[in-house]
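Once you scroll down, you'll see the structures, which are given as structure tokens.
Below are two complexes that have chain A in common, paired first with chain B and then with chain C.
Our next item is the complex of A and B:
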């Protein structure tokens, strides 16, 4: 796939159809993938990479890149295309300046996970059926995808690209995922158990803001959390209240716009399952206001900027689910 | 020393200027009793209430927060309360998801003519929150005196 992508990008660069290419490059180690903009074929030959470590969602970089002079080529995985659509809908990306090339994705792992499973000295990776074959300093190691993939990939919602100008590889399908299973499990706990669960998770938060910074839906020019008067800007939480407030508000601000790409959980240095907060909102929206998938199209109105006269009353929360 | 039985909750009531705030006034002129623990904050519309306001109220020591607005269909600005309804449904559901007692938050539709409903709602809400006791799960210790 990497060769196909390289050939395509170089062809378009040389013909002048695009001036820049947004893709991935390797950092110090093979699993340290960084999003990168390339301007020449030589540069691409040297640095461009597309491997099973390329989990980064590139859509958000287009907010800036699409406003620059000239056209940019971008490689998007299926779940990235949802974010792309959502940003188009919010008028954040200049569509005419972007050439989208859809690339297939069979789930992306990361160095941390492999190391935690005892695979050290990683030199390369390739997917073979249900396994990853990892080339290491100590020879080849095989690990099942089920053990190496993050939750967002195990419960992949779609292999279908929502938008593209050109597709490399086969067209996939929207999958029937079990992504709400964990949310349901939490809902069925008692409030005390839920409180303990979230206290354990959220108290690890170091307020690095990585979840906000990486989120393609968080694209405000001025963020509420950067407001010096808010009392919570640029510092670690001093009280458990702040953790809860930060995470409730962060999730609330993207409610109805979150495409469930799972980047927040991927970048969290403390491994807090932040996507479970977003998914709760998605699940509630689906139950209360009808199925809605953000980023599926560029026309529909977001659930929180819309209403119907017969909407459920907030009191439904007291009556439904969850034990006392 | 404070006796458990004499626990007085602090209740913040966000009231829409065009209905519930006048409803509270009517309750007063009709000499209807409702607890003095209810602190009313007047807002121009129920949809003025940002989810952050609710959390802030809890942070600054509220034990319960109630939002009162016009009945659906009667909004002074046509549709404000419809948006508020969706927002609050999701916010309350999220608070419940985090294990915070769901009885501490409420939305009620009270019109300017419903003084009696206002008093009854507040009496009932204060009773519920009093039974729950102090807000421990969404408190900010730095704000405690």
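Our next item is the complex of A and C:
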């Protein structure tokens, strides 16, 4: 696939159809991939990569990149296309300046996930059938690909691209995932148990803002938490409640717009399962307004920004909230 | 040198905890290692290092500096500090142990930061040698030997025993306080383990990272390099690298309005943030390129220029593991090396 992508990018750069290419570049190790903009074939030959470690969602970079002069080619995995569509719907990306090339994805792993499985001192990695064979400082280790994938890929919602100008490889299907199972488990807890769960998770937050900054739905020019004039600007939590406030306000703000790409949980240095907050909103929207997937299209009105006579009444809050 | 069978480690911890607060790196409910106050039944983590560094003990993420209480036209000024309790941090790695000397150069230089100093005085650091460094480790670049960590006292551990030796006066006192549990010996076992660890260090992919040319002598050449644009292009502007870093020491001081007064606190700040060192005219660094450049110039150029060539990095590798876009000091140093060689 990498060879096909390289050939396509070089062809379009050469013909002048695009001036820049947004993709991934190699690092020091096999897994430390960085998003990058390439402007020449030579640069791409030297650094461009598409591997099992290219997890970064590139859509958000297009907010800036699509406003620059000329046209940019972007490689989007199926789940990245949802974010792209959502940003188009919110008028954040200049569509005519972008050439979208859809690329297939079999799930993306990362160094942290491999290390959590006990693989230390990673020097190299080879995909062999359904396994990764990892060369480490302490000998060769084999791990099944399925075991090496993070939660978001194990519960992949779609291998189908929602948008592209051109597709490389085979198109996949929208999948029946188990992504709401954990939300259901949380719903079935008592309020006290659930509070304990979230207190335990969120108390680890160091307010690095990585979740917010990577989130394609968090595209405000100036976040309220960075704005001194808002009165609630904060660089650090004054108490443990504020940590919860930051994440809960953020979850509310992206409700109905979050496509469940899972970048928030991928980047969290403290491994907080932040995606569960967003999934709760998605699940509730599905329940109360009918199935809705943000980023599926660029035209439809989202349930929370639309009004129909059938909308639930606010009093619904008294009837939900799980077990007592 | 003294030794103690590993199955007696809990008894050793109990003895220490009976006298002063003891902190060890242990796994939390999420399976990640962090320093926690020891209690009966708590076991040391098997992870190489904690997610957050040990700097938290001396430079916590938030800390109240002074309280003001307003009553009519009177303002009462309250020092919120209480006498700090003595504490022991057990299991600090060589990289984090060196980070304290980097932080000391900032906080103990004139004017001395009395909040930091008080914690340093009350803390005893017991280090633990590494045996299985990760590919992200590059402490050896800074002259740190993971098999012979600094600290008040240092330990080695193998499958059978914990070995311990005192390094400073504080360390002597620590070892003396638990001496009744220890037996003499262990020199040979420690030497063998050190040899094995140093052989792994030789094989580490970043072992030969060169910082030649970094420092004050090439300041402008590095500052004006056109390579910063490419290096910083994907930076999210989050504070992950800063907050997991054992040597990042910038902070902000803010006032919190309590309704009848003010709590003045300080909290970690990050040069990656848009409101870092904000003044009346705004942030002096308008773009992410400038903010990104500041962080690495500080560690690789400004800090050594002001501290006899000592870098503001100890090679712990946390930023390599945690950066959401995998951009880090190693990539920066390697890319900029072309400018100075």
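Everything that follows uses one rule, which is that the second predicted complex is superposed on the first by the 301 of 324 C-alpha atoms of A that agree within 3 Å, B and C clash if a C-alpha of one lies under 4 Å from a C-alpha of the other, contacts with A are read in each partner's own complex, and residues count from 1 in each chain.
Definition applied: a contact is a pair of C-beta atoms (placed from the backbone, for glycine too) under 8 Å apart; a residue touches a chain by one contact, two chains touch by 3 or more.
Quick caveat, the model's predicted, so the values are computed rather than measured.
Once chain A of one complex is fitted onto chain A of the other, the partner contacts of A:270 are limited to chain C, with no touch recorded for chain B. With both structures placed on the common chain, the touch criterion links A:71 to neither chain B nor chain C. Once the two complexes are overlaid on the shared chain, A:196 sits against chain B while remaining clear of chain C. Of the two partner chains placed around the shared chain by superposition, neither chain B nor chain C is touched by A:95. In the superposition on chain A, A:28 makes contact with chain C only, while chain B stays out of contact range.
Of the two partner chains placed by superposition, only chain B is touched by A:281; chain C is not. Contacts of A:187 after superposition: chain B is touched, whereas chain C is not reached. Once the two complexes are laid over each other on the shared chain, residue contacts for A:138 go to chain C alone; chain B is not touched.
In the superposition on chain A, contact is made by A:314 with chain B only, not with chain C. Comparing the two complexes, residues 238 of chain A contact chain B in one case and chain C in the other. Here chain B touches chain A in the complex through residues 51-52, 55, 58-59, 72-73, 79, 82-83, 85-103, 106-107, 137-142, going by the rule given at the top.
Interface residues of chain A, counted against chain C in their complex, comprise 27-29, 31-37, 56, 61, 111-112, 115-116, 120-123, 136-138, 200-201, 204, 206-210, 212-214, 222, 226, 228, 233, 235-238, 263, 266-267, 269-272.
For chain C in complex with chain A, the residues that touch the partner chain are 28-32, 34, 48, 51-52, 61-62, 132-136, 200, 203-206, 230, 233-234, 236-240, 242-244, 252, 254, 256, 265, 267-270, 273-275, 278, 320-322, 324-328, 330-331, 334. Across the complex, chain A meets chain B through its residues 186-187, 191-199, 224, 238-239, 241-242, 244-245, 248-249, 251-252, 255, 277, 280-281, 284-285, 288-289, 303-309, 311-318, 322.
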